[in-house]
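Labels for the chains are A, B, C and D, by order of writing; each one numbers its residues from 1.
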Amino acid sequence: MLSGADERMVRRAAREVRAGMTVNLGIGYPTLVVDYLEPGLPVCMHSENGISGQGPALPFEQADRNLIDAGGAYVSTLPGTAFFDSAVSFALVRGGRLDLSMLGALQVAANGDLANWIIPGKYTPGVGGGIELAQKACRVVVLCTHLDKRGQSKIVAQCDLPLTAPACVDRVYTDMAVIDVTDTGMVLREIAAGLSVDEVIAATAAPLLIDENELATF
Amino acid sequence: MINKRTSIEEAIAKIGDGAVVMVGGFGVPGTPFTLIEELVRQNPRRLTIIKNDANEAGMGVDHLLRNGQVERLVVSHIGLNPHAIQLKNEGRIEVEFCPQGILAERIRAAGAGLAGFLTDIAMETLLAEGKPRVELDGEEYLVERALEADFALIHAHAADPFGNLTYAASARNFSPLMAMAADTVIVEAENMVALGGIAPEAVHTPGPFVDHVVELQELSEAYGVVRR
Amino acid sequence: MINKRTSIEEAIAKIGDGAVVMVGGFGVPGTPFTLIEELVRQNPRRLTIIKNDANEAGMGVDHLLRNGQVERLVVSHIGLNPHAIQLKNEGRIEVEFCPQGILAERIRAAGAGLAGFLTDIAMETLLAEGKPRVELDGEEYLVERALEADFALIHAHAADPFGNLTYAASARNFSPLMAMAADTVIVEAENMVALGGIAPEAVHTPGPFVDHVVELQELSEAYGVVRR
Amino acid sequence: MLSGADERMVRRAAREVRAGMTVNLGIGYPTLVVDYLEPGLPVCMHSENGISGQGPALPFEQADRNLIDAGGAYVSTLPGTAFFDSAVSFALVRGGRLDLSMLGALQVAANGDLANWIIPGKYTPGVGGGIELAQKACRVVVLCTHLDKRGQSKIVAQCDLPLTAPACVDRVYTDMAVIDVTDTGMVLREIAAGLSVDEVIAATAAPLLIDENELATF
């Protein structure tokens, strides 16, 4: 179950997805976005193990043993689904046909650098398709908690973890804020209902540009 | 999944002067004759055409040549089109020849978002002239550049409204590669089927690669069997 | 077209100590569990395994790891197999990580007879360390080497005796690429069909790429839906 | 209609094709080889426009407009035919899965150099798939007339025409002889019935190694 703040984050992030887009949802919070899309919105879900037009997840009883998404969940087809091999799947990503990639993060830096695949000496599972999804999607947004488990900000001036891809993130959705990465730095666009701007600033280890008049709540 | 059906006039109108246009087909099979006909009618100039061949005299891309729309051809051969050979010999068009599989691979490389690849094909031939070389693990290779385009014109056997495609028999050839390699992909479809009308395993080109689907109302004689 | 049906014992017996073996599959779908089981039984040592992932603990290639047959893994991730992570951390196996699409593309490059390709993927990451760089048209790129193998182990949905193959749903993943990239390609088929039983347009891997086809007599539990 | 000598050449060359091979037949004499294969021989004919297991040519009345070989002839399917795109087709060639390539020639040199695609200033149609078929097939044999239209030998010490591929030809079948390319030079293996060794030598512009005891007639 999502907390109220997390649920608001995911629901807000779902508004990124617009008609006609081809979208890849990474493991973690991004996967949940699909449950918050406007019903009937004509989007095409991509899974990097070789699916376009992926349908909803299925429970054990209805699962097809040959049909999983890249996160290992059993999924379904829709009218218009296509299957292809892994080379075609990443050709789609690197070739510029993936409109939107939603990813999790360990750290996002003020310039859009993303670290989400390795904590040297501690967490070394390999990168999967994460680098290409971060580096080559037309638009990259991150969904993550604002703070890590030890209370440290994931939004940082510079990543100290090894990068997934440099300057790739366009926007960050957290349980506390919506932040755009711009040429002049990070801009605070929205804050979670019930929080003050100062609380968000205090929880953020990167400089934030703020126009209080423009600031929305989500 | 959105509906990409477009009128042929509107789709082809996107192609302006100076555009780089890939055209599917190997001989007759897979050549999008109807899209080419509309491209002749709308008459953008100074085109670069990337295709396996120049069709035969009086067919397909030869209409673009006759109409003076083509500045440059990138092909594997033009042996079946004496008119194209003549234009080349008279210096009225520029022709770049690639080994056929290297042409396919360069197109695919663009579609796969790669900058190029290393090969020993044609290294000791005229076609290697001017191409960069690199050494890898003690061997020398040619660097072949990815070949991308502004547009791809594709003939499909069947299409659904999202642009999932199938090709018939040897009409497949360069089409799935070109459909990955162009900024804007325009498809003419012999058969429009509903979403779901193509089984997911049977799709040859997945819909996300396709921008516009034009339904063919009829097949002109150009598509038919050629009596030789 | 010749008949490539082979017994599983005979096919796997070709794999000797030190072999480089590609294994299809992404998670459970496409993993050739039965061929892997026979590889464990015949017990060649010091293998290099090239696969997207290391399956889960207690499944698929993890049996090879547990049996001490694997010297080196080339994978995109091993996140679902804590046992493989442990072996890596203890220095008991060597692991090379590739970005998933680059792994696919390196395998395909070998299958396409190319030496390598130029890409900007992962250029500014740890994974670029030690890789050659070249400049092309003013931009710097990594050179990624083709990745070939002595053997590929492939799970097909259907096969004919010549080795024309189809794959089911997301079980396709790396299999068509690996089936092009290995000197000897060994296929386990859920369904054997007669020559002509797969429509020419529906073939996912053409027969010339395949060396041995093993008919699966039954599907073990490993192939089933995993309850999580 | 083939002349008697040409027909013997093609018939002899057909014995190159053995059970289990994947074979590509180039335009010209090679195409005719298919008519001289042992009936039922299990071979797989490859056409570089995207066919494996290609079936026999068809007359106009039975032709499928979508099914031609790389030479433009209407062909048929067999049980076991597969269609694929041009990238896969040449992957098959470059990747080492084409067992035998039969090609025409303008010139073949003593070291196996092949020239068959361009006569600068005269014949410049482009190379098609010829370079890859010559450079990468596991075995490359040439079928050509021994002399060109002006009576010059096509079998030469060195090609003066631009190369298709260097040192690629394993064997040459002509209307006069069967010649192997070996590390030590060209070896005359067989001569056409009714010709003398001296006549073959006189018609050949490359040195020929000959062991008269081993020499066969075809």
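Rule of thumb we're sticking to: contacts are C-beta pairs under 8 Å (C-beta built on N, C-alpha and C of every residue); 3 or more make two chains touch, one makes a residue touch a chain.
Keep in mind that what you see is a predicted model, and the values were worked out from it rather than measured.
Just curious, how far off is chain C from chain B if you go by their C-alpha centres, in Å?
32
Chain A to chain C: how many Å between their CA centres?
Between these chains, centre-to-centre, one finds 29 Å.
Which integer distance in Å separates the CA centroid of chain A from that of chain D?
The mean C-alpha positions of chain A and chain D differ by 56 Å.
For chain A, give me the residues that contact two or more of the other chains.
77, 83-84, 87, 90-91, 93-94, 136
If you look at chain C, which of its residues touch at least two other chains?
Chain C, residues with two or more chain partners: 105, 108, 112-114, 119-120, 167-169, 172, 200-201, 204.
If each protein chain is taken as a node and each touching pair as an edge, is the resulting graph a line, ring, star, complete or other?
Topology of touching chains reads as other, fitting no named class.
Any two chains that touch count here, so list every such pair.
A-B, A-C, B-C, B-D, C-D
Within their complex, state which residues of chain B touch chain D.
Of all residues in chain B, those touching chain D are 26-30, 52, 75-80, 85, 88-89, 95, 97, 99-105, 107-108, 119-122, 124-127, 157, 167-177, 223-225, 227-228.
For a test of understanding, state which residues of chain D touch chain B in their complex under the given definition.
That would be residues 47-51, 60, 63-70, 72, 74, 77, 83-87, 89-91, 93-94, 118, 124-132, 135-136, 162-166 of chain D.
Okay, in this complex, where on chain A does chain B touch?
Chain A reaches chain B through residues 19-20, 22, 42-44, 46, 52-53, 77-84, 87-88, 90-98, 136.
Which residues of chain B touch chain C once you look at their complex with the stated criterion?
Within the complex, chain B touches chain C at residues 105, 109, 112-120, 132, 134, 136-137, 139, 141, 143, 145, 166-169, 172, 200-202, 204.
State the interface residues of chain C toward chain D in the complex, per the touch definition above.
Answer in residue numbers: 1-3, 108, 110-114, 160, 162, 164, 180-181, 183, 194-196, 198, 200-201, 203, 206-209.
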